[in-house]
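Written below as structure tokens is the structure these notes are about.
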Amino acid sequence: MNKASSLAIAVALALGTMPALAQKTASQGIDEYRAMLQDGNPAELFEAKGEDLWKKARGPKNVSLEKCDLGKGPGVVKGAFVALPKYFADTQRMQDLESRLVTCMETLQGFNAAEISKTAFGRGEMANVTALATWIAAESKGQRFNLSQEHAQEKTFYEVGKRLFFQRGGPHDFSCASCHGEEGKRIRLQDLPILTKNPGDGIGFAAWPAYRVSNGQMWSMQLRLNDCYRQQRFPYPGFGSDATIALSTYLGVNAKGAASIAPAIKR
Amino acid sequence: MQNRRETLKQTAVVAGLLATAGFPQFAHAAFNKAAFDAKSVQDSAKAAGATSMAESKDVTITGPDIAENGAVVPLGASTALAGVKHLLIMVEKNPSALVAMFHVTDAVEANFSTRAKMGQSSDVYAVAIMNDGKALWAKKEVKVTLGGCGG
Amino acid sequence: MADPMRIRAQASGDKATVRVLMSHEMESGQRKDASGKTVPAWFIQEVTAKLNGKDVFSAEWGPAVSKNPFLQFNVKGAKAGDKIAVTWKDNKGDTRTDEATVS
Amino acid sequence: MNKKTQLVLATLAAALVAAGCASGPSVAELNALTDKIVKASFRDESHVKVERITATDETNRVCSEADVAGKPLDEKTAKRIEEANLKAIKWPSDGKFIGDWKQGEAIAQSGRGLTWTDSATGVNGGNCYNCHQMDKKEISYGTIGPSLYNYGKIRGVSNPNDPASKAIVEYTWGKIWNAKAYNACSNMPRAGHMGILNETQVRHIVGLLLDPKSPVNQ
């Protein structure tokens, strides 16, 4: 409320010569802009590609991913996204959607997991992992996040993730919490979700993967975290590294009950 | 919208099959390079066949008041007038003003939407070029802001 | 080699609204790469559509249309079950056609 | 590598259970585990080195721990941290606190510098608008920090060179140079102390905030 009225004043002062704008706050204007983009989210292009990749026989072994176990049993896609990351007994490790996909690409299709993990976002098989993640996320659209905290590793990773969330460092002393620790804050005009609790349906953890209009790229959760760390002026987090999975576990557990809208469309 | 996924599933891919078929009955299908290379709204309209230009309430331009990002700005042009040959969407301050030129036929409504790149805040135009060469236009201002952390 | 389009065509009254998403870089020709060289323009130049095999729509685009373009138009007289085929062609001569059924 | 770390963790967890720690690892063990995971997960990229987060100072360490615990620093520790940071402030070498507000505005607008995609030799920005309102004409401002619109005017600074303004001028310099000198766990970066901005840039920012001609004070 406060935010809106102070913005209204700012806009009136700044743009007083433009009657159409003076009657509308900047945030209303931006909400309208965002609404205009909803109908026609290019993430659909990546969804289609991901679905195709899941069903197509590929890789050195020339098989599809249709027997991949994303945590709900081999081949079960619906509902898998909103329960990840989780502990997988076969790999004996905590995995998020993307690292699990890479495991399946190695064990089922014969790809080299380490090679894929080293590939830059948007390139080669990494682009395929992102497309797959986009489709798999979309298959759980509307479902509510409900990560398991049963296994000891799942609890431990939540605790480690919490510590990573509050870890201050780099030349700017930033932690994740610098931007995402309080409700109702913005960077520039960008609303910042609070991530220490459920921020609401389709906000924060429940919005990614998302299509970024600013660069026309499809961003997975791994890339979302990677770029947060970049802007935090931290060093480079490895793809599928334990730090990224622990942090995802913390965010995912906190988002319990939030309905997923992924893949969303973002600035 | 409720049937979106259903509808999407019905999308059949026939890539390449029709690709090489020409469009002989579409006189304007050839790319009008001059119109797209022209810098200004006027020069571009001229290259697209306009002989005179006038503002008109019968032409509508739609777009946001503020765009959070200049890379993707939803814009639409429409008119209920009869006798429209082309409907153009332009961004005045872009290096070349013309974004898209739609050819109006009896088979489609003179109502088109797409998304444009905008380098900066600018007036955006819908220009209807009539069969007699008259160009009728409407404009509105779109403010492009820096949404994120200027990094 | 280009990725498929997503086409939604919905009939209402005596027309169908067609919404299309295309997978394309739409490189503006204004951008410079890391070494300072201008990245050449690469964009969809022509978009056409057919209703049940008959030409109904055509447009010309410049490089200022956004990456992964969106397009919306209304075809008169189209009804549920009709076929809409959309074709794009870019300035390098690459082309792609996809088809959808009006719902 | 990931797999190996996680296996080590699993063994560790098992050992803990065997030792009767049914309630899971202790705080100290979780902290140690986090350090280990950080070392295994992050790598150098371009000019950005892992030491940036593994060799951080006491200020960051105690504030991070307080954040995890969900309670503020105890008063004694907070005071100690603030004093240490206050002592580390470098005051203007030529005694001039007020720079050019126009250059200050450009620095305040820029969010560039020090990420792995920035050049190692580029000019850093101050990131000010990311968190603060300043010039009212800029509608794209953040709200993590308080509004600084009319910063000098509200504080009654009509001539920053007047001895009457000395205290506020010095505080402003100090706050930008090292925000933790006044609030141990402030969200605000220590722009001068950590080498984000140089002395000349800090001077321009102080000008932007305190010069009566600056748009901040209109």
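Just so it is clear, A, B, C and D label the chains in written order, and each chain counts residues from 1 on its own.
We adopt the following convention: contacts are C-beta pairs under 8 Å (C-beta built on N, C-alpha and C of every residue); 3 or more make two chains touch, one makes a residue touch a chain.
Keep in mind the model is a prediction, meaning the values are calculated, not measured.
Chain pairs A-B and B-C differ in how many C-beta pairs are in contact, and the one with more is B-C. Each chain gets a centre from the mean of its Cα atoms; the one farthest from the centre of chain C is D. Inter-chain centre distance (chain A to chain B, centres taken as mean C-alpha positions): 33 Å. Chain centres here are Cα means. That of chain B falls 13 Å from that of chain C. If you average the Cα atoms of chain A and of chain C, the two centres end up 29 Å apart.
Along chain B, residues 8, 71-72, 74, 115, 145-147, 149-151 each make contact with two or more other chains. Shown for chain A are the residues that touch two or more other chains, namely 15, 26, 39, 44, 48, 187-190, 213, 216, 231.
Annotation for chain D: residues 115, 127, 129-130, 139-140, 142 touch two or more other chains.
Contact residues of chain A toward chain B in the complex are 15, 18, 20-21, 24, 26, 29-30, 32-34, 36-37, 39, 44, 48, 187-190, 213-216, 231, 267. The touching residues of chain A, counted against chain D in their complex, run 3, 7, 10-11, 13-15, 26, 91-94, 99, 152-153, 155-156, 159-160, 162-164, 166-175, 177-179, 181-182, 184-190, 192, 230-231, 233-238, 240-244, 246. The touching residues of chain D, when paired with chain A in their complex, are 2-3, 5-7, 9-10, 13, 17, 24-25, 30-31, 33-34, 37-38, 40-45, 48-50, 52-53, 56, 59-60, 63-64, 67-68, 114-117, 127, 129-131, 133, 136-144, 180, 187, 189-190, 194-196. Considering their complex, residues 3-4, 6-8, 10-20, 23, 25-26, 28-29, 31-32, 35-36, 71-74, 76, 91, 94-96, 98-103, 105-109, 111-117, 119 of chain B touch chain C.
Across the complex, chain A meets chain C through its residues 39-42, 44-45, 48-49, 211, 213, 216.
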